[in-house]
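Multiple structures are listed underneath, in structure tokens.
Two complexes, one shared chain (chain A), two partners (chain B, chain C).
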Partner chain A sequence: MADKPVYEEASIDGQPSKLASIPASDTTVWADASPLLQAACAGLRDGELIHGDNFNLFAAMSALEIMDPKMDSGIVCTYYSIDEAIENGAAPIPISLDSTIDVCRTIDIMDHLLACEAAWHKGHSLAQTVFSCIYLLRLDRTAPHALLHSYCRIIRATCKAVVSVVSDARTHEEEDLFTMTYGLPLNGDGDDKCLSILNAVEETISRQLRACKATSSKRRLPEDLEPLQSNPNLEEGFCKALLCRLRFRKHFFHVLSCMKRPQGRGLESARKHIASCLTELESILKSADFLRSCFDESCEGDIDDKTTASGFEPIGFDAMLNSRLSAPTPPRAIKILSWKKGVEYFVKLLHDLDVICSYSLDPHLESLLRFVVQFQKSQPDLVARSHLQLLLVQDGKLYGRDPFFAVINKAAALPEATKNHDIQKNESFLQLGMLVMNLLKILCTNAAWQRRKLGKFLQDWRVIYVQLELAFRNEYGEVSSSSNDENTCMKIFQHILLWVEEQTFWIAFRFLILGFELELYSTGEYCMVYWYLYAVLIKLAEKTHLMMAVSHDTAKRKGKKKKDSPKDLARESRIPPAVLFLQCYICLAEGLTMYLSRCLLL
Partner chain B sequence: MEQEVGESLIHLGNSDGSNSSSSDPVTRVRKLLFRRMLVGIKDGRFFLGTFHCLDKQGNIILQDTIEYRSTRRSSPSPMEQRCLGLVLIPSSCQNSCHVDCSVEEQLSLLKV
Partner chain C sequence: MEAKPEEKAEFEEPEIEYVSYGGEHHLPLIMNLVDQELSEPYSIFTYRYFVYLWPQLSFLAFHKGKCVGTVVCKMGEHRNTFRGYIAMLVVIKPYRGRGIATELVTRSIRMMMESGCEEVTLEAEVTNKGALALYGRLGFIRAKRLFHYYLNGVDAFRLKLLFPPPRQVL
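So, the complex of A and B:
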């Protein structure tokens, strides 16, 4: 590094000029100790240290080593600060005096920002991805450049919205870098206006597009309208490339704000915006050919590795400027996703969000659990999972709508009337409600974290079962007379106890299955795992069958008053399909256990 | 009291034979422990922390360290700071080293 030495030798009064800005206390001064330290080093024996009583070698090993590129995130790189970088022309405004090049470079910045955003969602720190953009770090500077300004503004607002969703959902426990925004200018004034600014820019460009189409068909250009850039042959292509990029941002922002609306009220409009986003992404992909062809000079290297559609390096990015803010991560160079991969990521994210938005908010817990498990199979990323979780649990209610006791009431096949029963104020039932809520939250986390949590969680379900059973016995242990209300309470207890058992085995089952998804089992363990599965499944099937019989009972009693149909008898003897399905699983697990144990023996 | 100790703290004993009793530099550096120390390094940053440890190679460990860096390459510029905690500054990148001391101590240093 060709840094000129900043430190100046001690001046006559022993006070180096640089030190003036780091004052000692009022009555003291800085005295040069280096000669003394040098002399002391010479006097020390090998391996000897000068240290105080509180010194601990083990603790000292964890000291941050200055100038070690793997530990010291503060190493001064090209620039000392953002302002210095700007003064040196690292992020000029306008980007180029030639309006054609200026538009082209603006598109590069947009593309690179998209790639950065995808890299952020994929687990890198915000400081080193999106906020490596110097324009974004000093947003007010971009005000004269309407195009860049509007785009940067919506990016910042989008990042803020995503951070707030993820930190509200707290599904990011193992991905906590995501919400680290310390020291970044994420909160600017007037971000509520970002959409109107974007709309204005979009309007201008679409008029420019219409105008250039009109001129090509020999009509007159409206006088008040300047073209986007100077080369008339490229005008249409540039306008289109910009429009799809701006519109994608607009719709994506709408998607986020619609999905945030309480009780899933915005899901339908979110789906419309998702569809628009996907269309715009397609146009963005298509614009790549044009952008690559509009300059003769071609760039070296594989175009698929580039972070922009045109293949040019974007102007105005420096990931090292912010590396100090990316703590607590160790300083490291990160690789931004390629532009293509970035677009692919957004396509997947939007599809995942669409799955969430198309969910019918089924009040049946059983089908909800099935939906979440199915959703997780597509391995959705953090942002999509956070949105799902926020939808499921709002204000301590399911979908922000159904109290959890009512949900349990339904799941435990109790009649609708008991959902407001006073028994829900019982502490054990309150706790059970919390457990169900936590179960939903856990199911929205990533597979590894989910499995760990479920393992610990199993214990809680066992405890709540014992608690409920105890409460049940205390209250109804020796009751012989049965008033109507007591009967109801007893029924609630019985049903819910059975249901809790069923859930416990379901969680155990999910825990075991996740081990397969995470490839945690070695081949030698398969035999044992299948045997476990077999045992858990038998219990699960048994409880499910009981549960179904009980719910069938409830349903039947309702209808009994009207007529006794002969069909009922036939239906009763039949095994419900859900249980049959579980029995298939049981046979599979049993067969695999037998087969694998035979293999082990041979 | 502290001042008395400080009198003979910093100046190199062997250049001045008069106070040979405390002239051993190792002993005197030991007395500097837990004092505020300011270490400048080659890329222009400064580290201010409590002197914690020194080894034969001259590597310094500071506790509760604050990093100071200028925001511009040109000399007079505002400083930016952040807390780092326990840091090890290898001797290879050290540029300067100062300890916090009273004016009297400073004068005795100049006498050397």
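So, the complex of A and C:
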């Protein structure tokens, strides 16, 4: 039992004594500290600071000023909690008692969610974008509203799938914001059935569409079906608007599921769903005209900035409800993409995914590297890049299928038979496999991060070269060897050493070239950069040429001893096209260096 | 909403007084300037961290008693290099384009050089043409690009100025 409160005298400003809210007990007593504090006020001079031993100014920088809206995430909000928002009617179910308005508002919610999703993909937090939707935060209460419920379910399942892909690809630094889902209800019971739930709703609306078309053509269908909404003039338009939105979600979910299948087995199916997605997105865009015109009232402001097709503000969203969950940063009002831009984003994403799905899973590393470099030129976003990375590197194998030693074996123009050689268990070769795997992962990241990583990576490739060379010399100090196996090992080392050099120069070339794309070079530095490129390209061309000569040797030895036809001899003396191409680059780089150096002199 | 034509302050260069951070009385001036012009929310502790530990690296610019610009910096050991860092640089709008920012930064960099720094770095938005031009003129290079560095999704450049190695005394 609490003791009776003790009344204390306050001596500041002669105020009457106040009731103590915390009672004193047997072991505690209240003491008036006012004189002490008053004396202390004069104890510090201007600029002096008292702090604990292990608390310094650097640590103090992380301090937040409570109740400062710039820093205190909890302070800026309309509602303190989701429940309070719901109690105040922020997310009504049904949205409207008028079924026409209810359908219209539902479509607005769907559109805004798409815009939110695009904003999330582009780099904002999930909590402040997709999960700013109160309906999504309390999904179970949407159960009476089949349309909203099924749509929210599939959104949730889709978000979960996308987070999973990006998490597996292990994003870095700034892109880490994407996978932060702390406190968000991403795991739903029964979400695995989201497709069948969606299908049921789609089926109903399809029947409603057929029914209204039948009515308009004066044919009566023997269906005891309630229309979607109460205005027969708008029935067809609303049914179509809903169907394309539902179907887009269905196909998009299928794309994600297909692409997740190991070893690229689902890529062809994914392409079909991607095509369907794009068709539905076109229909979604076309539905905007209808949605804007179905009510007399027009929306204020520029339609292109709106996050819905109709132009109306969506009901049921509050980005600040989750501000405490969004990110360990001060609160930021983020701007959701406009609906149009949201659709554009998904069109681009689907095109990027289609490029990935069309890839032939070429076992030749050089082709793969060219493909990745080419793919990156279209500046794919995080979700697309993560999918590519997961396709390329699975279970420590290329495409989940080819062990990296076999891949290196082929790239180094070694005979097929050596790919299973025991030498691959050697520590250096294992590390080399890891380097190739990491190279592929790095090449799938955003250009800024990629360049920094490639720069540091060069060191690793140099080290592995030295290690391999050392191992080679230790094993085969003397050149001549009689044993067959020893000959094979020597050959493996020689080819791979050459190949490692070629790769190293290729990485250096990529590092330099990326600087242009990232706008890192000022015009005054171009001369120097082109000079470096020139130097790197010469070495690259040299190694590539050597590599091809050595591979030609291998090819020759593979074939039976045939008389060299004049054609073959001619082919041998021709410079391979790949090397010729590099020589073109060399000439360009040389020319630009000379030209720019003259410009500097002038 | 019509945009008002920007009112430029009238002054001659020698009228600007440059002062090294002198103590607590300068702190509110710096805070007001930075709070006004930059969108990042800094608590008072952030300012104190810089000006208490490296008062010699922060400078203020005054015109007729009014504080019109400031630079706030630090320096320290970072991965085996002794490096200076420019944290905040602000000049109020009516006084821009007249070299005040350049002068503030130059004074700070000079102090860093004298204190033994090997290099100076800072981050700037890739869209901040003014800052990029200013630092470019001073010899800063773009060492790295930082993807989506700022919360509004804008990338940043890490700018770096490398000091020449100290001359060998023969």
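We adopt the following convention: the second predicted complex is superposed on the first by the 530 of 602 C-alpha atoms of A that agree within 3 Å, B and C clash if a C-alpha of one lies under 4 Å from a C-alpha of the other, contacts with A are read in each partner's own complex, and residues count from 1 in each chain.
We adopt the following convention: a contact is a pair of C-beta atoms (placed from the backbone, for glycine too) under 8 Å apart; a residue touches a chain by one contact, two chains touch by 3 or more.
Quick caveat, the model's predicted, so the values are computed rather than measured.
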Name the contact category of A:97: first (chain B only), second (chain C only), both, or neither.
neither
If you stack the two complexes on chain A, which partner ends up touching A:602: first (chain B), second (chain C), both, or neither?
neither
First, second, both or neither for A:81, with chain B first and chain C second:
first
Is A:123 touching anything from chain B or chain C once the two structures are fitted on A? First, second, both or neither.
second
First, second, both or neither for A:39, with chain B first and chain C second:
first
So which one touches more of the residues on chain A, chain B or chain C?
B
Classify the contacts of A:417 with the two partner chains as first (chain B alone), second (chain C alone), both, or neither.
neither
Residues of chain A that lie at the interface with chain B and also at the interface with chain C:
46-47, 49, 60, 63-65
Residue ranges of chain A touching chain B (in the complex, touch as defined):
1, 3-7, 14, 16-19, 21-22, 24-25, 27-52, 55, 59-60, 62-67, 74-76, 80-81, 83-84, 324
For the chain C and chain A complex, residues of the former touching the latter
23-25, 41, 43-46, 48-49, 52-53, 126, 136, 141-149, 151-153, 155, 157
Contact residues on chain B for chain A in the complex?
10-12, 14, 24-26, 28-30, 32-34, 36-38, 40-48, 52-58, 60-61, 67-73, 75, 77-80, 82, 84-90, 92-103, 105-106, 109-110
Interface residues, chain A side, partner chain C - complex
46-47, 49, 57-58, 60-61, 63-65, 68, 70-71, 122-124, 173-175, 329-330, 332, 446-449, 451-452, 518-522, 525
